[in-house]
Structure formats: structure tokens, C-alpha cells
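Note that chain A is present in both complexes that follow, paired respectively with chain B and with chain C.
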Partner chain A sequence: MKHFKNFALGSAVALGVALGGVVPQAAQAEDANYVPLLTYRTGPYAGSGIHIANGMADYLAMLNERDGGIGGVKLTIEECETGYDAQKGVECYEATKGKNALVYNPYSTGITLQLIPKASVDKIPVLSMGYGLSAAAVGGTFPWVFNVPDTYWDGASVVIKYIGEQEGGLENLKGKKIGYIFLDAGYGREPIPLLEQLASKYGFELLQYPVPGKEMQNQSSQWLNVRRDRPDYMVMWGWGAMNPTAIKEAVKIRYPMDKFIGVWWSAGEDDAAAGGAQAKGYKALNFSGVGMDFQALQDIKKYVVDAGKSPTDPESMGGTLYNRGVLNSVIIAEGIRAAQEKTGKKVLTGEDMRMGLESLNLDEARLAELGLGGFAHPMKVTCEDHAGSHPVFIQEWDGEKFVKVTDWIEPMKDVVRPLLEEAAKDYAEKNAPWPARTEACPN
Partner chain B sequence: MFYREAGQFKTSYKADQALFPILQDKVGMAVILAVAFVLIPLTANDFFLTSIMIPFLVFSLAAIGLNVLTGYCGQLSLGTGAFMGVGAYAAYKLTTIFPDVNVVFLVLASGIFSALVGAIFGLPSLRIKGLYLAVTTLAAQFFLEWCFIRIPWLYNYNASGAIEVPTREMFGVIVSGAEATPIARYFVVLSVVVFIAFLVANVLRGRIGRSWMMIRDMDIAAELMGIRPLQTKLMAFAVSSYICGVAGAMMVFFWLNAAEPSSYSINLSFQILFMVILGGLGSLGGAFMGAAFIWILPVFLKFIPGTIGLEVGAETVQHLTFMIVGALIIFFLIVEPHGFARLWQIAKQKLRVWPFPY
Partner chain C sequence: MLYDIFIDPFVQMYQMPDFFLQVLWEGFVAGILYALIALGFVLIFKASGVFNFAQGIMVVFAGLTLVGLYENGVPAFVALALTIVVMGILAYGIERVVMRPLVNQPDIILLMATIGLTYFLIGFGEFIFGGEPKRMIAEELWLPTGSTAIEMGERGLIILQHIDIAAAVIAIIMVTALGIFFNKTRIGRALRAVADDHQAALSVGISLNQIWAIVWFAAGLVALATGIMWGARSDVSFALEIVAFKALPVLILGGFTSIPGAIIGGLIIGFGEKIGELYWGGLVGGGIESWLAYIIALIFLLFRPQGLFGEKIIERV
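The block that comes next holds the complex of A and B.
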């Protein structure tokens, strides 16, 4: 034991000395654009996070392989594992921001909320594609945050609109009960103000079923309540292991699946497949294409996945979440391209990237040029509107895959926009002194 | 040889009872403080300050807080995370109600709320001991976490349910919020930690600390000698929760800038408990060493593959870090169950007799 102790002592000293020598080096190539990706391939949200991470990394890697980067400048891609944990996310941010990071994609509403105040100080934009703080769509208050193509409030308004259509008009919602099951975190709580507003406007009753993050794999109590309350429709804001569990529980209590609608983050194939054959009819919002019938995706397969340069399982390509990750990277890449055009520089900074994202205009012709015709609705960012409230569609699980069942549905802009502006004002007041926008509008 | 106290005579009671009676300790402490106050701010980059030093100091303070309760008074607690949360939410409410009051003062005051809550949840400790007490403090953890989620008044009815720290100045320097420089935040955190650590070190060797240790070592004997168990235990709970509350408030004000209820979950309680156990129960130095091991080591491990030029995926590094840290925890607990503080003592003994060990 004595020798053992000596050994322990020695190793502790050696470890301390060794650690002193290792200081994170800023490995930064001068002629490359550095894009850090905050991802999570571990932890309870990995089931969703892996597909997103693969999609994001693969598209950017494909641009490097096929075109030699963007505008002749390679992209340096670095993943940092956050585990969907806000503290680790901030640590990743601090560790990578010094390497001239262009943009951050936190992939967690919790991390996004922490990065929003930092973005304007460090002059690095935050791109929270279809998540994060809804109020960030107000570009006048949040010049550094982008949540194109839609905020959660847009999504929630589309769900209500769709339910209204099913009932033969929004006025028929009066007296109906709509259940809302959500991950009890910043993410799931985000749409509640809008849903409450719509509930009072159209006279339906909103029943809330919060699912705490650490108990998301045990939702029997929530679904027992659902069975008791018998809501006419169920709306879900779930992520990670919460989605398949909820669908399984819904099947178990024989909830009519065609009246169960998830947000675009509850639209994974694995999520729906967990419910087995009875999950048929489950619906989810979506704004990115499903399937592999796109030239860009074929290129990813050819240049990256089949070449063995990615951990992606070829089977998972073309899935909802994988394609969502690809769309995220398309927005990054187009932002970089727009910034290069605007500034005439090849190697960019975060400030250039902000301008690029603010002048993003992904029209149909451009999408077709990218090999992604029909992959997403054309989207445009303006200085006032960083989300754009773009139309989304609803897809249905047919037992094997998701099928698009509606056309593009426009969100209720007239309801959402005033609320967004009010929320932005409220945020600025609560976080006073909130910096006023000084960045010029590039458009 | 290197650590010999021979020849250092104490000629007065004052010298004998000094906090650091030996010259080497005095010099060592002075060097550590010089490094912390001068060398690190001069040389460190932003990442080192914000992601390593500030969290390390915050966790050290929390570990000191839990050490007061578990290490010195012998009451096992799993509610540390929640008590830290009480401090954070109290400081947040205080700064929204009194925006003009100095934020450091508010952070120190927020500990009082945490102390009150801690004392209330410490009440069962008179009747319940050991692991059973751990279960009742677990109740505190779950109840308080529930409050953080379900009482919207605590987070000013924010739609996100998170508390976001506003920008606050102190003597014309911004110390909290996103615009605060890491250096300013580091100095505030360091000053508070050093201040509280010295305060606690002195409390511990006085009457109060000794009565805690008596309760820890044998509560019946302590009672027979005139220590009142209820007051003593409750005081330990209050002091411990006060320190944890201040640490929690600093965690959100000077490190994270925003916090969700999940930041103060049971995981945080366990993390702090591991720091205390690994560092050494009943040792202030151990609290710092434990915090360094649990917080700093994984951060460094993350960067090792990149530094030596290995191409490893981010998630593999994460898995490896988990495994290495886990294995090291088991290793150190097997070779030295009394923690790093004990290892340090052995090292001192070896330095004392080197090069002629007997």
C-alpha cells in the first residue's frame, strides 16, 4: 500500500505538470473561414442531435470537397460537444470564439438564450434556425440573432390554423380542447404565450402537460391526464428521447394519431417509428424536404459519406432531421456567400457574416442552382424581420416514412408579429440597458 | 528538507494560534495569492478566465460550503444544488427590485435567503442522521427545483423560464452581464472567494467550528459537554447554505449570465459532493483541489487530442473524458480514501524528511 501511495502521489504530480503544459492552442488557418458547430452526439438528446450534427457537418464538408469551400476559401469545421447542456455550450462558445468564429448554431434554446447577450458584444451572429427566442425575429432589437425561417410562434400559429381547417374554420374551435405536451424547458415553454393568446381569441381551451427533462422517458402520468381530459387535439413540442416516448404513450392510450401534431423538432423518423404500426397518422410540421431526391444530397453521399469522410449512417440520410441539418448548413453557406459578395473579402469575420445573413435571399432559382429545388420554401431575411414567418407544411407518418400531406401553410403573421415586437420590447426592458441597434442595414 | 518547521519558535500565544503558524505556509499562501491576483490576470486569455478560473473558483466556494456541513459537521446533504439555486434566484430578484444597489453586495445578501431556506430544511437533522438525512435534503433539492420551474414570479415571468443577468456596474466598471470583461468578473469572484475562505478558515478553528466537529465526531458526547445539538446543526446548515447561495449567485452573475432551473439540478449537488469527497472531507484546501479535479481536468482532457494532432470526433473525446475522469476518481479513492488533502499531507511529510526518509 505504501508503494501504491507513492505511485499515486507521483502520478498526481506528473498529471499536474502535464496539464500545465497543455493550453488550448488556437489553431487557426489564415486563409479559411472557421465555422464552429455546437453539437450533441451524447446524452439524452443524442437521438435527435446526431442526425442534425451529421447533416450540418456533411453539407459543409461536401462544399469543401466538391467546390474547395466557398468563394475559393475552404471552411474549417470544428464540432464541440455540448450534450444539450447550457454550461457546456457556453464553455464551447468561449473555447472557440477566439478563432474568428463566423456564426454559432447552438441547437438548444437554453444555450441560445445565453449566447444572445454575448452575440452583440463579441460581434458574432447566432443562427438559431427555427428555434431559440421567438422575439429575436425583431431585427431592430436583436441585430445579431437570426431565427430564419420561422419562430416557434409561427409554428404554433400554423398548428392552430391547420386544426381550424380540419374543423371547418377557425370559428369552430370554440369550446374545443387542445392539449399541449411540451418539454419543460425554455424550448417547450416558448410557444405558450402565443397559444394562450390564440386560445382566448378563438375560444378553445388550452390544456398544458409539461414533461420535465429528466423524466421525459416516463410520461405515463401526463398521458393518464390526457386520457382523463380527452383533448380534441394534441400538440407536441418535444425533443430527444421525449418524442418516441410520447408517441409510444399516445399509442398506448389509443389516442387518435391523426389528431396528434408535433412541431418540426418532433418530426424524426425514429421518433414516429417507435410507436409501431399504430403510430400511423401522426403528423408533424416541417420546413425542409424529406428524401434523397436532391442533387446536393447525392453530392454529399458521393463526396463525403461514400468516401468514408463522415460518421453518417447512409441509411439515415434523407431523413427529416438529417435534411434539417443540411438546410441549416445551406443557410450558413449562403450567408457566407452573401457576405463575400457584400464585402468583397474572401476571409470573413463575424461582423461580415452578420451582414451576409441579414441579406440572405434564398429564392427558388438559387435553391435550384444549389441542387435543392423544392427542398425548402424560398426564404428571405430583412433587417426588420430575422425570421420571416415563412410557410411550413405538415407531414404524416404512413408507417414507414413521412409523407407531405398539406401544401405550404402561411403562419398568422398578423397575430405573431405584434406579439413578437411586444416580446422584444419586453426583453430589452428586462435586460436594460439593452444596446440599441447601431449596425447599418446592408440591404 | 524543503518543509521543515524546526527552528521556528513561537514566543507568544498569538504566534502559536496564527492561521499559518509555519513560515513555509505563509510563503506558500502569499505565492498562491500573488499568482491568483497578479500572474493569472496578466497572462491568461479570455478562455482560461471564463471557462476555467471563474467556474473553478465558484465550485471551490460551493465545495467549501458543503464541506462546512458534511466535512466539519458530519451532516450529509444532497441539496447543495438547490441551495445554490436559492442564492441565484434571490440575487436575481434583488437586483431587479434594487437595480442601483451594488451587485456584489446583493450577491452577498442573497446568501441570507439561502441560509434561511437551508436552516428550515436542516430541521430534520436533529432526529435524522446519516443517509436518512441525505434523503430529506434530497427532498429539498426536488422541492426547490420545482419552485424554480413553477413559480414564475421568481424569474420575472420570462417566457423562457430562465433568469438573465442584467448589466451592472461597480465603481464605473461593468462586472455582470454580457459586456463585463472576463478580467473584471474574475477579480470580483476571486475577491469574494478569498474573503469567504479566510472567514470560514477562522470560524472553523474557533468555538463554533470546534462545536461542529464535536457534533460530527460524537454527538452524544458533545451534548453531554454542553453543546446544544439543534442550534449547532442548524447553524452549520445556515452557514453552509449561505456559502453555497453566494456561490450559486456568483455562478449565474459572473459566469453563466443566464441560468435555467436545470442548471441547479441534482447533478450539480452530486458534482459538489464529489468535489468534497475527492478533495477530502473536512479540509478547505481539499475543496479547492477537488473542484480543480472535477472541473478543470475534463476541460483539459478535451483539448489534449487536438493539441497532439489526433483527429478524434468531439463525441469520442467526450466519452473518453467521462471514462478517464471516472477511472481516476476510483483510482484516487482506492489509494487515498481521505482525498487529495490527505495526499497533500503525505507529500508535505515526505518533503519534510527528504532526502533521508525513515
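The block that comes next holds the complex of A and C.
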């Protein structure tokens, strides 16, 4: 009946607006650091977006409740609903940037692409954690954009590397067919250049199956094509309602699930569970911990969720996407902490935050100190590399939950990095006059 | 190139007959489901002459109500009955609040009203049920799950999903029942009178309000059936609303006022888009399904502008 309560609360707010035009807003004191969160709890992508939004908001709220914020300064957290729509995302950005926003997390490659040119003008960094424009990893060209811990190209290279291992070596990929089913949007198209490069290098055939956003829940044609083409492996870049539908369709055509691998955004428990017991064996990349066996997550439960200060369903805590949201906010928080140390200021600006993110160094000791030992691979940002190409692992659905089935796998840095640099150069040329980096390196 | 367009697809059909039959089956199921969605649009259009923009969200709303009630501890069949009641209340509410004040207004006003209704139902649904996709309670409603594989030759295989067979049977029953109801009963004749002219229907004693409430309720039932069937194939989520607009080319093709048109149109679009995508889509990189349906509909319109079964309107000056 939680939603009925939400409805009552929503009605009361609507009534308040109608009667007095008063909307309760997040308090924004001058001695607070303002963190807007572009989220989506409604629309076709809410199934994924809600968990991410909860994880992000809850970790920051926990820092406020447990520690009184960061460095003695509270965080003002304000969500803006984008519905995964680029236009609404830009509206959210424009509506909130004037409040001394420290950083933007668009949670959509489409919105990220819109915000990248604005970041250097408005001096507010964009953190697209594991999504967005891969080329943005090149810090010399994109000093205001951060996509730590990995780009999509890193992810795609790990998938191919893993498939190569299954086949006894990358050289054995010659003549194989690898299918790529993807959301036909900026997000899904992003890894294609890298996959094509690897296809030509290792001699496998790349078969593409685009899924238009409007057809997310109507994928029978794509999967009939898969059935006819008989690819040896399937790789998925899905989001929202696309993921559970694809897994159901794969089960329906009896595709061997142990040869079906999703990116880290196709790794939700709800996604895999949609396929029922037959989805067992489905795999997905991941770079954040699963489960609740982390002190920081227990603190979120104690200070925020159990205290009734969050809409999070306690049962969803510890899930892949919830924890991913938590990791996103850990990076924000550590960026703020690093910026406070570098500048000596407590209340920061976007420029300070950029410096903080560029100094990010989440090593094992720091993760343990945060109550997140083993939650993620240690990650570091440098002025040259804003992604870091950090290792990721593969998890497998056992019918009830995801289980880690590989050790950390390094992306093919030797292949990815030159391509990233080439793509960054290409982006700058196409968007000329692209500003040359003038920001000093803080490290 | 000419070989790829005119010869190769047919060679493929001949060489892999099991796959061709699978494509036909998928086209048939898709067509039946499109027909079911289109039926919801046709009912409202017949009664009020307006394209009901809210039909898609009604599918989602009905599905979410059913699953939401079940998740809150209501037994599956009681939840189904209560959902029917909810759709009845919704129909009555729409008639009282939206339609009645707009009697005799231009059609565009009624269209705008259904757009408003769409956004109201999206917000209302998200408030009550949240934005997360929900699993359809197919098994709890005794709908068959699983699949049957029919072997053909050495490597041939046709896979029939039981839920798809059930969807086809239920859709055929619903379409037949609605066809009889609206063609053979007094209410059906009244409906046609209302569709022709609101004022004239009123002048001969037909209760416009009653007809509209009945028709919106029937459209609600169709939405519920569609929500159950489509929800069982994927999940019940707000993304399903968009799928409902797949019915638009079906309506263009079949005519906005014809129940048989919705069925035949649905099947033509269902077969056409699957065969087109699977055998010719690869020539242009795939993904042609979403617009191919409109091309098929437009080709038919060249020869029958009123649609296959639509009424030919002759207006004399």
C-alpha cells in the first residue's frame, strides 16, 4: 500500500500548489554543497531508473544523517525527473545549474551528449559513470567530463575478451558469429565502432540487431532473426523495459543462455528474473558489488531507509542497480572530499569539483575506510584518463540471484586507448572551435 | 541486388520451411494482438467519432490494476473481477467528467480530451502503482505457459508458445462476442446511430450517455485483455503504452469504424511486418518493422482511401 501513501502525499502537494502555489523544495542553505540528481522514476525506463535513483540519493542522504555531510558541510540533494528524455534532461540542467550545482549525473547517454558542450561553458563537470561518450575519457580534450570507471568501449572489449577465453583464445574467434542486440539510441550505438574494430581484428562476424525505443516490448522479429542467424554468442546493450523483454525472447527461441552476455546496465535482478528458471546462465558485466554485506549499505539502511527517509523498498537494497547508484554517489562524495582537500574550501563550486574528480583515487584502503571493502575495483582518475579502463567482472544469473563467476577482467587498453584518442580528436574537429584545455592539472 | 530483392527471400522460404512457418505464426500472433488493440480504438471511434488517444494507457492501467491488486494480497480471479469493476468505474467517470460536457463539440476537442485523459492516467497510474515494471500473473489466471516444439525434418523446429495460442483464442472469442453484441443487439444499433450523428440520435430517444459509458467499458475490457496478453509476453510497464500505437496502421488499413476491418487489418499488418522484416529487412540494415506497417497501410490506401472496410462518406454540397 506504499504507493497509495505516495498518492495521498502527492495529492496533498498538488492541493498545496493549487491553493497557494507553494512547492516544498529542497532546502538550499548557503553553507551547503548542492548536488542535483537527474533521475527517472517514471516512464518506459523507470524499471531501471528507480533503483539507480534510490541508490544515489540514499548514499548521499546517509552521509548527511550519519556524518553531517562531507567535511562538516551538509549536502543539498535535489532530484529532477527526466524520464530518460534528452529534452527534459536539458531542461532539468538549465533549471538547476544556477543553484551552484557541483556536478551533473545525466544517467542517459542522450542527455550526456547534450550536456558535454555546456559543461566547459558553465564550468560544471559531468559525471557519466560507465556510460556516455566513450571518447570523453580523453581528459586533454574533455576536461569537464568524467566516465570513470570504464567506457562502453572498455566494456565491449571485456565481453570479446571473455568470449575469446571461452573459445580457447581470441584467435579462435575467427569465423564465429557474435550477435549484438542494442537499444537503437546513442547508448546502444556507442560501442559499435569498437566492436567493428575487434571484428575486423579477430575475424569474427558482427551481426547487429537494433531495437527501436518504441519496440522495446515487441522484439519478436529481432529474436527470429537471431534464431535464423544462429550467432555463437549474443551481446546486449539494453536498458529499461528492453532488458526483461530480450531475456524472455531469448528463452522463447531457446537461445543458450550461457552464451548471452549483457553490459553492466543489463544486469538488473528484475531483468533476469523475467526469464524465469530458464534464464539461468544469463551473464552480465558488473563493476560494483552485489548484496548487503558492506558496512556503508548497512548504514544506509539504518540511517535512511529504516528511518523512513527514503522511498526505497528495503528488499531492493543490495541489488545490482541499487548498488550501482550507491557507487555513483561514492564517486561524487569522494570528488567533493578531494576538492575540499585541494582547495581548502568547504563550500565548493563546479570548478572545484572538477578538480576533485580529476584527483579521485579510490584505493583499497579508502574503500575499506568507507565501509565498502571489495565493493568495487580500486579506481583512479588522472588528467589524461577520465575513465581509467578499470577491470570489470562477469556475473551469472543462477535462477534467483546474480553470482560472480569470473575474477576482475582487464579491458583491452592497447586497443581501446588509441581509438578513444582518435575519437576525441574527431569529436573536437567536428565541433570546432572546440575549446583547448586551459584547466591546470591538479595532480 | 535484384537477386537479393526478388529471388533470395523466396529461396530462403523454400530452404527453411520451418522458419518460414515460425515467421507466419509470429505474424499471426502479432496480428491478432494488434487487432485486439485496434478493436479498442474502433469501439470508441464508432461511438464518438474520435480517435481515443488514451487506449494505450488504458491497456497499461488495466494491466497494472490487475497485478497491483494481486500484489496487495487479492486472489488472482478476485483481482480480475475487481479490475473489471475498476474499468467500469473508469468508463462511467470518463462519460460523466470528460465526454458529457463535450457533447456536440468538434471532434478535435474530443481528441484533445482523450490526450488529456492519457496524461491523467499516466500520472494517476504512476502515483498508485509506481513506475517499475510488473510481472503479469499469467499462471495465477490459469493461462498456459511454456511451449511446444514441433519438429520438422532433420533440423527443423517450430516453437509455439502456449500463451500465444491462448492469446489467439481469447482474442478470437472477444472479437466474435463484441461483433455480435454491436451488430445484433439494440445497443449495437443505437451505437451506430450515435456514431452517425449525436443530435439525431438524441432526438430519437437514444441515451447518448448510456451508449458512451457502455462503449468505454467495452474498450476497457478490450484493454484489460490486451494488457494481460501483452504483459505476459513481456512485462506490464508504461512502455507498453507505446506498443498500442502499433494499432494505428491497422486502423488506417482496416477502417476506423469496422470491427472486421480491425481483424483483417491486424492480420495483414502482423504478417506483412514480420515477413518484411525477416526476409527483406536485412537489405537495409534491419529495423524496418516500425515503419513498414505504415507503408503497407499507405499502399492499401492508394486503392481504398476509406480503408478496407471503412465507410465511404459522400458529402454533397
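Everything that follows uses one rule, which is that the second predicted complex is superposed on the first by the 415 of 443 C-alpha atoms of A that agree within 3 Å, B and C clash if a C-alpha of one lies under 4 Å from a C-alpha of the other, contacts with A are read in each partner's own complex, and residues count from 1 in each chain.
Here, contacts are C-beta pairs under 8 Å (C-beta built on N, C-alpha and C of every residue); 3 or more make two chains touch, one makes a residue touch a chain.
All values derive from a computational prediction rather than experimental measurement.
By the document's definition of touching, of the two partners only chain C reaches A:221; chain B does not.
Contact with neither chain B nor chain C is seen for A:277 once the two complexes are overlaid on the shared chain.
By the touch criterion defined above, A:423 reaches chain B but does not reach chain C. Looking at the shared chain after the overlay, A:41 reaches both chain B and chain C.
In the overlay built on the shared chain, the residue A:184 is in contact with chain B and with chain C. Of the two partner chains, neither chain B nor chain C is touched by A:436. Common to the chain B and chain C interfaces on chain A are residues 4, 7, 40-42, 184, 212-214. Here chain B touches chain A in the complex through residues 45-48, 50-51, 55, 96, 149, 156, 158-162, 164, 166-167, 177-179, 256-260, 262-263, 265, 296-297, 299-300, 303-304, 306-307, 313-315, 317-319, 331-332, 335-336, 340, 343, 346-347, 350, going by the rule given at the top. On the chain C side of its complex with chain A, the touching residues are 16, 19, 22-23, 26, 29-30, 68, 72, 122, 126-133, 135, 147, 159, 161, 230, 233-235, 237-240, 242-243, 245-246, 273-274, 277-278, 281-282, 285-287, 289-290.
Only residues 1-4, 6-7, 10-11, 40-47, 49-50, 184, 208-218, 220-222, 224-225, 227-228, 240-241, 244-245, 248, 252-254, 270, 273-274 of chain A touch chain C when the two sit together in their complex.
Those residues of chain A lying in contact with chain B across their complex are 4-5, 7-9, 12-13, 19, 22-25, 27, 39-42, 78-81, 83, 86-87, 90-91, 94-95, 98, 109-110, 113-114, 117-118, 120-121, 133-134, 184-186, 189-190, 192-193, 212-214, 311, 423, 430-433.
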